[in-house]
Amino acid sequence: MKKLKIGIIGVGRLGYEHACNIANRVPGSELVAICDASLDRAKAVAEELGVTAVYNDPKALCNDPNVEAVAIVTNTASHVEMIGYAMDAGKHVFCEKPLAETVEKCKEAEKIIEAHPDLIFMLGFMRRFDHSYRIAEKKMEAGDMILVRCYSQDPISIIEGTLDYAPRSGGQFIDMSIHDIDLIRWLTGSEPKNLWAIGGCYEFKQYKDWDDGDNVSCLMQCENDAMAFFFAGRAAAHGSHVETEIVGTRGTLRISGIPTDSMVEVMSSHGVCRECYQDFITRWHDAYITEIEEFCDCVATGRKAAPGVYDGTKSTNIAFKCKESFLSNKQLTL
Amino acid sequence: MKKLKIGIIGVGRLGYEHACNIANRVPGSELVAICDASLDRAKAVAEELGVTAVYNDPKALCNDPNVEAVAIVTNTASHVEMIGYAMDAGKHVFCEKPLAETVEKCKEAEKIIEAHPDLIFMLGFMRRFDHSYRIAEKKMEAGDMILVRCYSQDPISIIEGTLDYAPRSGGQFIDMSIHDIDLIRWLTGSEPKNLWAIGGCYEFKQYKDWDDGDNVSCLMQCENDAMAFFFAGRAAAHGSHVETEIVGTRGTLRISGIPTDSMVEVMSSHGVCRECYQDFITRWHDAYITEIEEFCDCVATGRKAAPGVYDGTKSTNIAFKCKESFLSNKQLTL
Amino acid sequence: MKKLKIGIIGVGRLGYEHACNIANRVPGSELVAICDASLDRAKAVAEELGVTAVYNDPKALCNDPNVEAVAIVTNTASHVEMIGYAMDAGKHVFCEKPLAETVEKCKEAEKIIEAHPDLIFMLGFMRRFDHSYRIAEKKMEAGDMILVRCYSQDPISIIEGTLDYAPRSGGQFIDMSIHDIDLIRWLTGSEPKNLWAIGGCYEFKQYKDWDDGDNVSCLMQCENDAMAFFFAGRAAAHGSHVETEIVGTRGTLRISGIPTDSMVEVMSSHGVCRECYQDFITRWHDAYITEIEEFCDCVATGRKAAPGVYDGTKSTNIAFKCKESFLSNKQLTL
Amino acid sequence: MKKLKIGIIGVGRLGYEHACNIANRVPGSELVAICDASLDRAKAVAEELGVTAVYNDPKALCNDPNVEAVAIVTNTASHVEMIGYAMDAGKHVFCEKPLAETVEKCKEAEKIIEAHPDLIFMLGFMRRFDHSYRIAEKKMEAGDMILVRCYSQDPISIIEGTLDYAPRSGGQFIDMSIHDIDLIRWLTGSEPKNLWAIGGCYEFKQYKDWDDGDNVSCLMQCENDAMAFFFAGRAAAHGSHVETEIVGTRGTLRISGIPTDSMVEVMSSHGVCRECYQDFITRWHDAYITEIEEFCDCVATGRKAAPGVYDGTKSTNIAFKCKESFLSNKQLTL
């Protein structure tokens, strides 16, 4: 019944969600410290959640003796530095995806983590912990896998925030498709060996200025011969649409073909309609809780956590290869 | 390969549909004569469909020696008279539902048909011939039937025509629910022994003047203890919604839970929507063809047709009991 | 940020669920005391959840000065007594449904609660707090309500436990349909004025011995003329199927037409299948949390809680009328 | 009301379907002559459908003065020769897909057809005439198209016939994916400029011997920047699964996401299941009728038919490029 004492660094939108979960929704965790670049923000969240230790300096939070584990929800570029602070202070680490903004930085993270084999490190690819994905994983039977298809579409309703963040996001492949790259690696149990990525600026021409597209896709051939296709878009009229399909020789599993936010069907002059999730935080609400539960359990039992640092490096590397293929419009071999 | 030569009486909206099917879509039939109260209408349809024999007088069509069978698609009040003309002239008869506007008239029809045991008589409860209903019927397994639930909702988009016809229609139970009454008898293989019907004028107050409701429902207890519930409405926002559910001790079959007019899903700001049938002729297009195919096959093989005249009498009798229960707000025993 | 200190009486299957929620999943609550008829059970749960105050005597828990509110999850027959203990000790009360096993007992509960106007009382009709039902409630627009249809089907897979409990359950109407009776009252904002209930023993003949049916249904006419139909069954092959439909003059809302337990579609030789919830605790997991959140918020703000004691009396009264109608096979007026 | 007198060459499985449609289900057509490599087969079908002119020699059928138009449903390798016979005899031509087995042969067909500008030529890409595809086409709004995704999966239940025909079929791209290639060209209104095709032998290793895969996929970039992805498989457990999705900047249309063969949902221990089409003839039954109606209307009105010969050449050319890409595992530019 011992609760893991977690300090969180970064309480922006997603960080706040994690903070609430750690404080109130995960049985095995306790939120004991909060750090944010804005001390006011850190104080406000701390007051709301009844946390007394508030920091402006990440290193200070990591060195707080009451903190047993650190959750890193800062901007991507600072992840590896934060991992270093935390591990050097002997703390377990949960780090949001993506691991880092370059493959080199990912390798640095590997070194830090390898130097602390007794500390748990877990990367926040939360989709793996979603109820539907876990059911699908259990249903995957023996038999060859033929195709994995992944969609990640953001609703056009949140495009303003997306455009604001886009220049710092690393682009579609690093910021968004990395989720699908992780799913493809996880579900196929294999690595891509060839890929071709394409796309364009269909609605928002400004992506051109960032050497990016607002909608992109990629076809991959894996080492075990499974095919994989992903599509990422920024302008879905109907909502937040993350869909994954696994086609095998014994059957097909489709996850979230219609990403409905409830079990309500509305029959009106528009026909019979189901409404969709309008944002990713609502969509993955339970998965964000489950992944922290898993992290706590790994710490409690000493079990190795997955996804881990190598998943971070590999997905980042593939995402960069996708971007290279997209920019050169050439098929690439990994 | 001999085609059954059919003459049709009544080429209004549904009569025209039957005429086209008999002429062009049913392999075993040929349209050889047309009669309508409006001779101009009869001539126009005849010209379109390449039919030379045109009549204003139903008796004359029935006596046309080239006519082997007669399809009756006139108003309900004239059905029995037309059946008499046709059978007296030695012709097989396909007659639209409902059989007649009173139970007494139904009994007259029984007498006429009993007097001509060699002639085929079939009543047009087309739902029994719909592809989905036939699949459901085949899937019904041994085991006790618990509940049949039937919905019949007309779209509000066609309310003007509905209101025009309402005073002559016999009311919701005779005109509309009779389809569900037939389905309940057919699917349970039993007859109601107790029933209670209720309803009201929820949107169109004028139904009050006709001692009727725009939305009505009825709970029935059948002789074999199956329960049955039907609901009939005139104001569905989303379209023509006919749904039937069969709950048994071994499983449940739901037919047309969402009565979609195609396999298209539209993802837009309204959510993920499927559009519904907007009128009954489109919904039952194939069933109207299949029932005439069945009629032709019964004539060709001498097989007795179903539904037959007793189905007409029984469903009419039940519909009148429903109306009596609705008007008295009392549970009735049959 | 003050957490409401709750003591729970009864940690059987559902009580344990509530205990876990109060302890770990509801931000505003803290589990401080546990009482169970089995002291061993109480101790085991207390140890798991880190609770130190353990009781065998409900009165003792109620008098524990550390307890601010009491959650009653005992058998129905003891509810009113427990409410008395708690309120006499000045504690707020959350009580599981149904309120009591007779209408007279419900009236007693009313008196106790009326005598303590400053204490919050809330009855556990958790369906009102389910995400989908809340969305449906928000979508209900002005315009007359025509029909509410409610299904409550338990999966046949849990029939053994159901049969064990059946003799003490009060029967289908009191134990199971009371949920739908509450939904009908809540959704129509009206009370039934006429009803007719039927049913039978379709699969499990032993219900006959308990003057009950394994499958029952009821048609109701409400004071505002809305129609309501409910169906309750114990033998659904596919899972726990709770479905509610609201037909209005401006559109229809269907909640949980297919009660799927995830967003996974399985394409196999069985067709395209979605699996359903296999038990009510999983189905209503989030609703059980949300209702306790609401209870805590009512205590914190002094807001009156709903559903309240009169909802308990009224639903119980209607359920008994349903049973009377079922046993006499007569339509009844309330 | 004049009916187009059609002679058919080839009455195998699909030819027989066309023959029945021409004879009995298309109002504007009449079946007047039948030719088949097997004279016995031709005679049997002729007797069943009441056709008197029976041929073993295609040229003889083409020269029958009673024949106004010829439907060619022979093996692909003979299509162009048949087109020549028919057009040289002054007959309109409906020809099944694919147009020919090589691009060179397609060019020959172009020359023949260009030499007879007054004769109607139509190629049998029936999917364009399916009710759902036509509805989708009408719903496509202004706005840029982002992605077209096409699935064509045959059920594993028919694999024996598929394997028999496979060596003569031209392979997955020519035989099967050509439908999706046509859909992509039709829906995007553009031509692919870059493509990469991959695949393998996941279940049926014998495809290796034919330089083919049992499951293949292809990513394409179109001249108008639309992306297109298709997947073709031979081993779907659940049925005949043809699905198409059109993602645009204003919304998404998904056609046949679940290719259900009826509106029946079965609730059983397998969950809530919908069964799928088990063969392509049932799936496209109505589309096969509609395309012949369109052909007759083009002949009657002198309107140019689509899809035409150039659609045949272009789709064949693209299919060969896909095959080349698949065999070389290289991205290709067209």
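As written, the chain order gives the labels A, B, C and D, with residue 1 at the start of each chain.
Please note the rule applied: contacts are C-beta pairs under 8 Å (C-beta built on N, C-alpha and C of every residue); 3 or more make two chains touch, one makes a residue touch a chain.
What you are looking at is a predicted structure, and each value in this text was computed from that prediction instead of being measured.
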item	value
Chains contacting each of subunit A and subunit D, listed by label	B, C
Separation of subunit D from subunit B in steps, with touching chains one step apart	1
Greatest separation from subunit D - chain, by CA centre	C
Distance from subunit D to subunit C - Cα centre to Cα centre, in angstrom	56
Subunit A-subunit C separation of Cα centroids, rounded to whole Å	37
Whole-Å gap separating subunit B and subunit C, where each centre is the average of the chain's CA atoms	43
Residue numbers of subunit B (touch at least two other chains)	236-238, 250-252, 257-258, 260, 265-269, 275
Sites on subunit A touched by subunit C in the complex	1, 20, 23-27, 47-50, 131-132, 135-136, 139, 250-269, 275
Subunit D contact footprint on subunit A (complex, rising order)	144-147, 149, 194, 196, 198-200, 202-203, 215, 217-219, 221, 225, 227, 229, 231, 233, 235-238, 247, 249-252, 257, 329-331
Complex contacts: residues of subunit C adjacent to subunit D	236-239, 241, 258, 260, 265-276
